[in-house]
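Provided herewith is a single structure, encoded as structure tokens, for subsequent inquiry.
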Amino acid sequence: MLDVMQNEFAPFLTLTGISKRYGGVRALDGVTFACGRGSIHAVLGENGAGKSTLIKIVSGVVQPDEGLMRLDGREVAFPNPAAANRAGVVCVFQELSLMPDLTVADNILAADPPRRFGLIDGRAQRRRAEELLASIGCADVDPRLRVRDLPLSRRQMVEIAKALAKKPRLLILDEATSALTAADVERVYAMLRRLKADGVAILYISHRMHEIDALADTLSVFRNGRHIETFAKGARSPDRIVELMIGREITAQYPPKPLPKESVGPPRLDVRDLSWGERLKGLSFSVGAGEIVGLGGLDGQGQKEVLLALFGVLKGVGGTVTVDGRPHRPGSPAEAKDGGLALIPEDRKTEGLMLPMSIADNLVAASLKPLSKGLVIDRAKERAAVADAVRRLRIKIGSAEDAVSTLSGGNQQKVVIAKWLMTGPGLILLNDPTRGIDVGTKQEIYRLLRDLADGGAAILFYSTDYDELIGCCDRVSVMYDGRIVRELEGDAITEQAIVASALNMNTEMTHHG
Amino acid sequence: MADAALSTAPRAARGGSLALRLRQNAGLLGAIGLFVLFYGVYNLYHPRGFSQQVLIQNANEVFTIALVAMAQTVPVILGGLDLSVGAVMTLVNCLASHLVTGSAGEIALGILACLAAGTAFGFLNGCVVVFGRIQPIIATLATGAIAIGLALFLRPKPGGKLDADLSWAMTNSLGDFAETYGLFDGGQAPWFQPIAGIPVPLVLLVLVAVCVWMPFRRTLTGRTVYAVGSAEGAAFMSGLPIARAKLAAFTLAGFFAGVGGLFLAIQTSTGNADIPQAGAYTLNSIAAVVIGGTSLLGGTGGAVASVVGALVLRAISFNFRIFDIPPLMQPLVEGLVLLAAVSLGALRALRTRNRLELFR
Amino acid sequence: APKTVSGPGPDPQCFKPWKADTKYMQWPKKDGPYRVAIVNGFVGNTWRIQMIQTAKAYAEQPGMKDRIKELKVVSTGTDVAAQLGAMEDFINQGYDAIVTIAVAPDGFDRVIRLADRNNVVVVPFDNVLDTDKVMQVNEDQLEIGRISARHILKELGSKREGKILEVRGLPGNSVDRDRHLGFREVMEKEAPKFQIIEIVGNWDDGTSQKATADALAVHGRFDAVFTQGGSTGTVRAMMDAKHPFVPMAGEAENGYRKLIAEHAKDGLKGLSYGQSAGLVAISMKAALSALEGNPMPQLISVPIPVEDYTTLKAGVNYWPDLTDNFFAANAFPACGVNISAPEIMAKDAKNVQ
Amino acid sequence: MIAGAPLALRADTKPILIAAGFVLVILAVGTAYTLATQGAATLLSPAYLIQQLQTGAFLGLVAAGMMLVILIGHIDLSVAWTLAAAAMTATAVGGPLALPAGLAVGVAVGLLNGIGVAYLRVPSMIFTLGVNAVLRGLMVAQTGGFAPQTAATDAMRFLGAERIAGMPVAVLVWAAVSLLTAGLLSRTAFGKALYGMGNSEAAAYLSGIRTRRVTVLAFVLCSVLASLAGVMLAGYSTKAYQGMGDAYVLPAIAAVVIGGTHILGGRGRYLGTVVGVILIVLLNSVLSIMQMPEAGRQVIYGGVIIAMLLVYGRGAPTGS
């Protein structure tokens, strides 16, 4: 049972025999699990393993079908998140839970704002929000701004501040750092360690192994809705952990890069002096057929805008872009698509998927025209295309007619990618495509990207994860303040080099604190 | 935890609180501009422009639609729409025509009963939405029919007689009010003179906004209304009292609509279960909300802004009494001005340079 | 404010008191020419458009043109607050008279009080007010109901049993109420055994037609029909259902009169009463007379222009070549109101088929 | 949504079955009434039922168009005056050009609505309200200014009022439009785009769907169907008149929603809209047969809608 609990204290949270099914899917199957005070407990598992379901049960979002939950020795059942909060269980969810139209301060203190005579005290609230933001090193966010106006990474920080405001005794982070850059992650680490020292129990879910490495005391692995094993950090080798998670061994995370080509043919994508308002200040770069080019740098330096500009989303873009030698000025994604482009957008929930619709409908959403005969959609062709996509990306589904919202985050992401691969794009724009994706799937995606490149596609790849830029890309362009400040190639692509250029420092002074 | 950064001074970026506010309320500012334009022109060209009489007359004709617009605002912020506000206004109007007569005590009780009835109907709307889990727009389409039906039961044909003193006192200036009820030396008290010329409906409007809406906005429930309209799932995850907020939003809508209906009864001394009129009030309330800058998608805006929206709507038609527009062209001109006014928001869309920002 | 005085007043042919004991009102005499405002409710049917056109044409006629300095017409929709506001506004602007079709029979006390204070003459007509504090102009709606009942009974001969269809107007409106009451009064007295089926036609052709079609499908056969506005639709529904023509009473739509003229021989023994849009002209005339200081009856009765299948004359009281949906009765020669319906509703030759 | 898939079918078929059940209940209640009062089951006679379909055809056309717009998360409040304006224009033009002229009004209004909503991005609820006011103004001005002819042409009479082999032509038109609409929704890229946009416009846009064009087309189809209903209704009534569209807006929306289409878009099947139309037409007819006073009618009308939505609204929490 609770085999390895190396904590001197009795466990703070214990789950016994917890099961949860969604229709035919067993999301959790008789899970027994515990986590103690003053420790950081990592929960690992591939996409769809049941991690989010587990923490949703713990935090009162969904109710288990069976099983028992104890907190601090007392049996509890949370009918809703509010009840869980009251008991000190606070969660930072994988899918953000911020109200975009409310201000940062309103969000951070949403549930229990400071009040005077029953009315919210705006000034006190703002002060409190500033304190909380400062405590996670995020003092640059103005609490009076609307969350809508913040970039994703800032929103994740706000979300964390919001969790802290609830004075958690058990803090759960479900891929809460997936959009954060290295510097932010460091600050969050510091905060988590402080909390740990204060005796808070912490459950930490992430697909980034180095984060687990840096933080966790105890690790638990889930697979197929079952709790597989819990062990102390260091008790298992990284390879073994991955094997526990995905049930097979991962030999090489990244596929080998081809040797740099001798004769550089005409680039597939050629960008000269790309500019857009204050955000893009004249970038030039190119991507050749068969090449994977990374976009690096701190989040929010214009990488996203580069992709959107190329995909026809932005108005008033300056500069010249050619694709395969022809001028490229799409007025809309539709026109970009016609030009052979594909974009995996930033936020799969709102930009990538039509959540209530079926998996099949989402998969074919970008290929309706080629799948039609005349005006009418060819059903047989459609079915074949869907089946092919599911197979090719190993998307874990029950029926293709289920709503795509029922898939785990990683599998949803695969649906977005598959949708675009179906269009047979020659130039693929990726906006952090592996966010929230498990190591196994990531490996598959990297291999897929390399295969596509080998097949002649040009790939422009923005990621917040430096590891993956280093592992995957033939070249990396690092952006700072709307410009490309550095182009790295081959062996020059190192973490140090990326970090240094990201902070716009000279490479000579790479040794930073 | 973490005190090191407690006193980090706010940085330069933080300044410009006013600028921020203006930016966040651009829609409302536009509406105020429109109102100043239409109402200013009207008064300039009116032979008795900028006078107390004209102000009183305008205040009277604006009050009910302003209240119904306030009523509409709350469910809209919640992300819904209340198609019953006009009907509830009408229902309370008919009820008032039975109850607001007799001795002072009876009148007071009658007024309370009317307000309670509007509030209760709003609460029922909330129950249908919350417990019946029906989309507000369609739930209130149905309950609106029920409200009109009840109004017709109460007043199969227009009629009733409200207290005449009350009608007079409520639809004139504070001075007339004091005179009617013998307050402040019959309105002659020296301290009273500076405010004696203010129309009573205007005072009421401000009272409702300041004593009901503004405090509500600052309660946790009120904030939850905004939160639900912004992202219901997130509000739920944040542990906010969603059911309470929804109930409160519709209840408040019922209350505001009830105040509007009560005033209409006082203003006309009668009740009238007029179906087209109820429909017109509902549609105008939506237009007022939009013109006031509140997004129909929910999460932003406010009731005061909708009052401005209602003022704009009314001020447009004021001008028909001043300018010589051929009578059969008036509906066309009015339609075009309305269309232009609601299309003002399009400027934002045309200016937006990232098209993804449009999808919200 | 007007004084209550005793009659008679000028031009009794035109300004006929409602009853023998109708009181008279007199305003202080003002010097012309006058500023007159017409505050209409909604503009949702031809009748109202016809009314507005009549008002404009009438104001241009010799004898009127020099007495009216300014004529302003506004339509406020069905919103009572807006109508009250508009009236009060015209009082504040210093207009001398306000002619109005009220959107509700009550609720105008405040405006009347203000008008009296400022010596503004307010004249409701058509949809009038339930008050005796203003001068009003209308036809006798109760009588319209009674005439209709008598006509039907006459045409039915000795038959005093069976089913009669009654198509009513806009619910909750005094015109609809009074016509209904008048009709029922006679029917109950003379032929209580008839079963009367009541449906709502909202004074428009489409609604009347649909409601009638439904009633026919369910009840099969009627012996006679009394309809308010929307008469053409009522008849069309009967023709579509192959219902035999029966004795009938309805309004003065040109289409209805065309049908009567065509099918009277087949049994459509129709009566057509006219609520005339020309009432506006009489009301304007009454307002001017009051401003000139004449004693005026508080309630002015306008004769009901009635035609039936025996009196219809093409080009006189109906126009076979013109469109269906204007109201044929418009002129009141006794009052010097000589604007005929085709004159204002079909002045363009193109519109003649 | 691929029709025929078991799961998808079950979810959105339920409301249709429930609505159909309510239709039977209404017929039963009405029949009980006529049996008691007249001793005959008039409501079950083919003549009555065909008459109801005839009346329903006009609402059916409007509702079909309204559904397209509702599916993308919009609404069209201008159908009232689109319908009337089309009818009035058609009769005013007269002759063989009457029908095309009426439909051209629909195309024009639809383009205007579509451009306002898709390009200017004014909320549809409010833009179409404004367009409705403008249309009304235009018609008032034209009635007063030019005294147009309002008699329906023979072609309009044929479409609106005549019968082929006992079946009203209007019903046949409705049936044809229904088949086309159902096919459009389930079998074409346009149909899928409608559902996609209703669920997430941003995702649809980024999928390379020409969302603005789709929006404009949906509004054009909606207006054209409303104008078709207008010219046919004018044929049925033999004339066009102001306010002839007033009775169609809210009932059309109600019919669409009663049939299971989500009022916020993205979900719903066309068959449901047909059933919703029949339900509303029957309900109105039975209430009028029962001589229900207006007050009672309104209460029952509202009560029935609530009752229906309660029956199938339960269990599917909103939001979250």
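Note that the chains take the letters A, B, C and D in the order they are written out, and that residue 1 is the start of every chain.
Going forward, contacts are C-beta pairs under 8 Å (C-beta built on N, C-alpha and C of every residue); 3 or more make two chains touch, one makes a residue touch a chain.
Chain by chain, the UniProt names read as follows: A = Ribose transport system ATP-binding protein; B, D = Ribose transport system permease protein.
All figures in this text were calculated on a predicted structure; none of them were measured in a lab.
Student: Counting one step per pair of touching chains, how far is chain C from chain A at the shortest?
Tutor: 2
Student: For this structure, which two chains share the highest number of contact pairs?
Tutor: Top of the contact-pair ranking: B-D.
Student: Where the centres are mean C-alpha positions, what is the separation of chain C from chain D, in Å?
Tutor: That gives a centre separation of 34 Å.
Student: So how far apart, in whole Å, are chain A and chain D when each is placed at the average of its C-alpha atoms?
Tutor: Whole-Å distance between the two chain centres: 44.
Student: Distance-wise, how many Å sit between the C-alpha centres of chain B and chain D, to the nearest whole number?
Tutor: So the centre of chain B lies 31 Å away from the centre of chain D.
Student: For chain B, what residues touch not just one other chain but two or more?
Tutor: Answer for chain B, listing residues that touch two or more other chains: 152, 156, 233, 236, 273, 328, 330-331, 355-356.
Student: Which residue numbers or ranges of chain A touch two or more of the other chains?
Tutor: Residues 313, 332, 351.
Student: Chain C: which residues touch two or more other chains?
Tutor: Within chain C, the residues that touch at least two other chains are 43, 49, 52-53, 171.
Student: Would you mind giving me the full set of chain pairs in touch?
Tutor: In this structure, the chains touch in these pairs: A-B, A-D, B-C, B-D, C-D.
Student: What part of chain B is in contact with chain C in the complex they form?
Tutor: Listed in rising order, the residues are 46-48, 51, 53-54, 57-58, 60-61, 63-65, 152, 155-161, 164, 167-168, 171, 264, 267-270, 272-277, 280-281, 314, 317-318, 320-322, 324, 327-328, 330-331.
Student: Which chain D residues qualify as touching chain A in the complex?
Tutor: Touching chain A: residues 1-2, 5-8, 183, 187-190, 192-193, 195-196, 199-200, 202-210, 266-267 of chain D.
Student: What residues on chain B touch chain D, complex-wise?
Tutor: 81, 128, 132-135, 137-139, 141-146, 148-153, 156, 228, 232-233, 236, 242, 273, 283, 286-287, 290, 295-296, 328-336, 338-339, 342-343, 345-346, 349-350, 355-356, 358-359
Student: Residue numbers of chain D touching chain B in their complex, please.
Tutor: 77, 116, 119-123, 125-127, 129-138, 140-141, 143-145, 200-202, 205-206, 250, 253-254, 257, 262-264, 293-303, 305-306, 309-310, 313-314, 316-320
Student: Provide the residue numbers of chain D that touch chain C in the complex, in ascending order.
Tutor: 34, 38, 42-43, 47-48, 51, 55, 140, 143-144, 146-151, 161, 233, 236-239, 241-244, 247, 285, 288-289, 291, 294
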